[in-house]
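Notes follow once the structure below has been shown.
As written, the chains take the letters A, B, C and D, and residue 1 is the first residue of each chain.
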Amino acid sequence: MDKVAVVGVGQTKYERGKTKSFAELVYEAARGALDDAGMGLSEIDNVVTTTNDFFDGRTIACMAVAEAAGSYGRDATNVEGDGTLGAFYGLMRTLSGVYNTTMVTAHCKVSEGSPRKIFNQAFDPIYDRLLGMDAISSCALQARAYMNRFRINEEQCAKVSVKNHRNAKNNPYAHVAMDITVEDVMKSRMLAEPIKRLDTSPISDGACAIILATEKVAKKKLARKPVWVRGVAHCTDAYRLGERDLTYSFALEAAAKKAYGMAGIMDPFREINVAEVYDAFTYMELMWYEGLGFCDRGDGGKLIDSGETQMEGRLPVNPSGGVLSAHSVQVAGLARIAEAVLQLRGEAGKRQVHGARTALAHGITGICAQTHCVWILSGEEG
Amino acid sequence: MKNISTGSEGELLEMSSGGAEHVYRWYCGHYISKFLIGLRDRKTILGIKCSHCGRVYVPPREVCGRCYRTMDKWVDLGTEGSIYAFTVVKLPYIDPNTGKSIKVPRTDIYVKLDGADTCLMHWLDETDEKKITVGARVRAIFKESRRGTIHDIECFTQI
Amino acid sequence: MGRRAAIVGVGQTYHTSKRKDVNGQELISEAVKRALDNAVLGLRDIDAIVIGNMDHFEGINCVDGWSVDGWGAFRRPIMKVTTGGSTGGTLGSCAYHHVASGLFDVVMAIGWEKNSESDTQAAISTCADPILERDFFGGAIGPNAAQYAMYMKRYGATQEDAALVTVRDHNNALKNPHAHLRKFITVQDVMNSPMLCWPIKLLDSCPRSDGACAVIYASEDKAPKIADRPAWVHATAVSHDCVYFGDYDWETMPTLEATVSRVYKRAGITDPLKEIDVMELYLPFSTCGVAWMDHMWFCDRGEAPKLVRKGVFDMDGELPLNPSGGVLATNPIGATALIRIGEAALQVMGKAEDRQVPNVNTAMATAFGSCYWFEATILRSTKP
Amino acid sequence: MQNETVFEVEERGGLLLHQGVIRVPYTWAAGAVASKFYVGLRNRKIYGIRCRMCKIVLVPPKKTCHQCFSDLSEWVEVSDEGTLQTFTVVHYSEPELHPMKAPFAYGIIKLDGADTGMTHLVGEADLKALREGMRLKAVFEEKPKGNYLDIKYFKPMKGAR
């Protein structure tokens, strides 16, 4: 792969009930990314927006944000799914030789629709949609399958919530930041066993934008230190829950292995300095530890117990507070990339992992994380 | 478990969503809110001007896409303009807002308000296409009771 | 930087108003199988997949994940793109960039729609801004009808000129076994068909179809090994400038002009009428086959009706348009623009059977949708 | 004017909020394969389909194997009894979605003779006593409508532990 760098990132604060319209939110993030990069829009030659028609309540949801994302007068396109996939398409356009600088945006106002009904629309209208499952109840099936198989207990999941909500206190963009205890999580209202209120992510609105550039541009534009894309891959598992091994994500393992191969990473736990993963529920972070090869299969609980994924551990996971602290659906994956970039530049403020040289960002989409996308970023060109 | 014959083409079933509905609570945003409040409180149509390229946009919005700059020069466009384009809808379709058929005929118009560079979409109170001409002058008719929606304008009428 | 890429396989279902015998997943699988057969590849040869449709037509969220059930995308890289009517163009472009990036060698684009599963106009109306424009947006017909009304007034074009476009495309469709509408028609038939939205009549309008299309793109190393005569991608372009329907300037068609000028420039084309051998244009209404031709470097403003009347775009004309019958004959919306690319590729590959235009070296396909979003692809038999 | 959509309008600090609804009705073709499955349920029979290549029986059936992409046509009848693979007890209520009143349970049930699990409801059960590996039996709808709820739910078998 030729060299491509992230040269600018912008995020809004994540909140419930943002008063800005879709376009106003996207402009805030896109303008933020341009200012961050020290670029003008004239230096951007193409745009990828990331949307979801159901959350926005309109088909062709990308229409609303065309001007705000900078699409006027330049090639623009749109991905539907997680922001990591929008960014992946942006990366491919930047690598294609046709374009040099790509603006990637994602926006979502989860609070404006009915997220449970919207998620239910991902189920098969011919078969199981009528069961009325949504993200919480379907992921609860996965959580139990995983926890039961590997004897992960609810307290271990709760530790993820405690860690990430505490980390969020250091992130000015986070939506829900707080000091809580394992007991608080355990006592929070049961939603769908074993998932409790504090095991879930909030309903957040927001937008994020990143700018990708070819090596030539990135080396010219030095408003910020370029952060290089060293590996990226995505993979999709089977659709029906009953046809998957819910206790382990093959798709994540496949995506991670490919991304590591591209980046020359042999031992992810030792070579990656910081990871931002898509923890829509607490159990997910533990499962993703395993899929990402941070520990052996079934050892996710032991890894959180060891404290190594805490801020002061060997591999801090979600210093930003992760998705548990701000879950603006399509945006969340792109925000993981933005956070990884800030870490590698040493500009992550109070959430900075000192000396971070290699970072991982991860996104998911679909029922029980059917699709995974893994990014490896580095401050070094390699 | 026993094998069964594959059989011939049998009955073909369909699944129905029934009356499923999806409720949204859309924030109008900082610019459209002001525009709608203009309709409601002052019976006037507000546009916004880009101080860089001079284009006047209606509906108003934060960014001029061409210049990629925020706009803050609000322009009172009044209530009159001309028909830029129109269409008389004659074939009923399901209204996505209600799930029921729309009533036809219905005339959709694109109004170029005096002083604006873009068009506002609305209805015209004339459904006989022979009596409508592109370029004809039109005026907005406001409702007595207004709530801050685009329907605070009842429709446009030819002057 | 950047690799060359070519189309090596095309597959589509037959298109019809309602496929009750298959669900969406099964429909997609038919097109995928045919594309693989066409390229003589197996699914294991495909490195990545992109899929697209318009969500509110079927009411299925995360279609990318759902679709894998019908056709074995199991444990593969897959992503979804969507831009309304232009989705097929977006898909082709996305698959092309997958290959051009050097990250994937063989990539399949899949477009599909089962328009029979909802009320097409209702679903498409949801693309208009809910607060300001949805109630006034009579589906895709409205703006196009308004545009042609203006065009007739300004340039003296007639409803019969548009009817000539319908007659051309429909009668071309007689030779396309996949086409949805295949019936010989005359200008009089068009003129006598019911008025939908003045001046657009039933036969000026595209149908709504159930159908799917899959197109396989391969890298410069792989393409010549897969196809004898691959259709090389020379350029793609897209333009999307507007937010509201009221923003668009129909007299100058800025996004169409920007798209074609970009794609011509990237492919080194200066006189498309002479340099391009066949085009598959996304013309949702016959009126577009007149009014839009002014903006594609074929003629001066207002001259298009003359070209149409002279038969310049007929099968035996200077630049045959829509040998497949185009959108007026077949319209499964999320697949429609990908069918344009697929048909253009088949022309270049010499595999267009009865609808083949002789000696095609350069072909162009366009897409149209959303808020006047245009896309274009130029394919050639020679490597870029 | 007729055709006007009436939004609920709220004003908050000079900003407006419109509440709207999308009500686009859908009719999905089940296709020949799923139709046959539902016709089976009408007769209280559960049909699966076998993939010879992968040597698995898929329930509910599908036309194409998601693993090997081969077309499937070998129909089999599987048992209406099976094993609970995983489950969740739902405690929140979402009346427009949920076919049962909370608390109720969802499970993935592998029917005897099938190699894939079926997501469904678990009813007539002591929710506190649910366990992975528990034996369940399908309870059929008295008046089948040709949809997934023609199996009302799966219930624990007598003496199941």
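In this section, a contact is a pair of C-beta atoms (placed from the backbone, for glycine too) under 8 Å apart; a residue touches a chain by one contact, two chains touch by 3 or more.
The model shown is predicted, which means the values in this text are computed figures rather than measured ones.
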Applying the touch definition from the top, give me the chains sitting in contact with each of subunit A and subunit C. B, D
Using the stated contact rule, I'd like to know whether C-D or A-D comes out ahead in C-beta pair count. A-D
Rounded to the nearest Å, the gap separating the Cα centres of subunit A and subunit B is 35
Chain centre separation (subunit A, subunit D; CA means) in Å: 30
Find the geometric centre of each of subunit B and subunit D from their Cα atoms only, then give the gap between the two centres in Å, rounded to an integer. 39
Multi-chain touching residues of subunit C, meaning two or more other chains, are 20-21, 23, 56, 58-59, 68-69, 74, 119, 122-123, 126, 130-131, 134-135, 241, 243
Residues of subunit B engaged with two or more neighbouring chains: 9, 12, 14-15, 17, 20, 22-30, 32, 36, 61, 65, 94-97, 99, 106, 123, 149, 151
Pull out every residue in subunit A that's touching 2 or more other chains. 19, 23, 54, 57, 66-67, 71-73, 117-118, 125-126, 238-240
If each chain is a node and each touching pair an edge, is that a line, ring, star, complete or other? complete
For the subunit A and subunit B complex, residues of the former touching the latter: 17-24, 27, 40-41, 54, 57, 66-68, 70-73, 109, 111-114, 117-118, 125-126
As the complex stands, subunit A meets subunit D at residues 19, 57, 116-117, 120, 125-134, 136-138, 140-145, 148, 189-195, 238-243, 246
Listed in rising order, the residues of subunit D that touch subunit C in the complex are 3-5, 7, 18, 20, 22, 24-34, 62-69
Which of the residues in subunit C end up touching subunit B in this complex? 20-21, 56, 59, 119-123, 125-126, 130-139, 141-143, 145-147, 149-150, 153, 195-198, 241, 243-247, 250
Subunit A-touching residues of subunit B, taken from the complex the two chains share: 15, 17, 22-32, 61-66, 68, 70
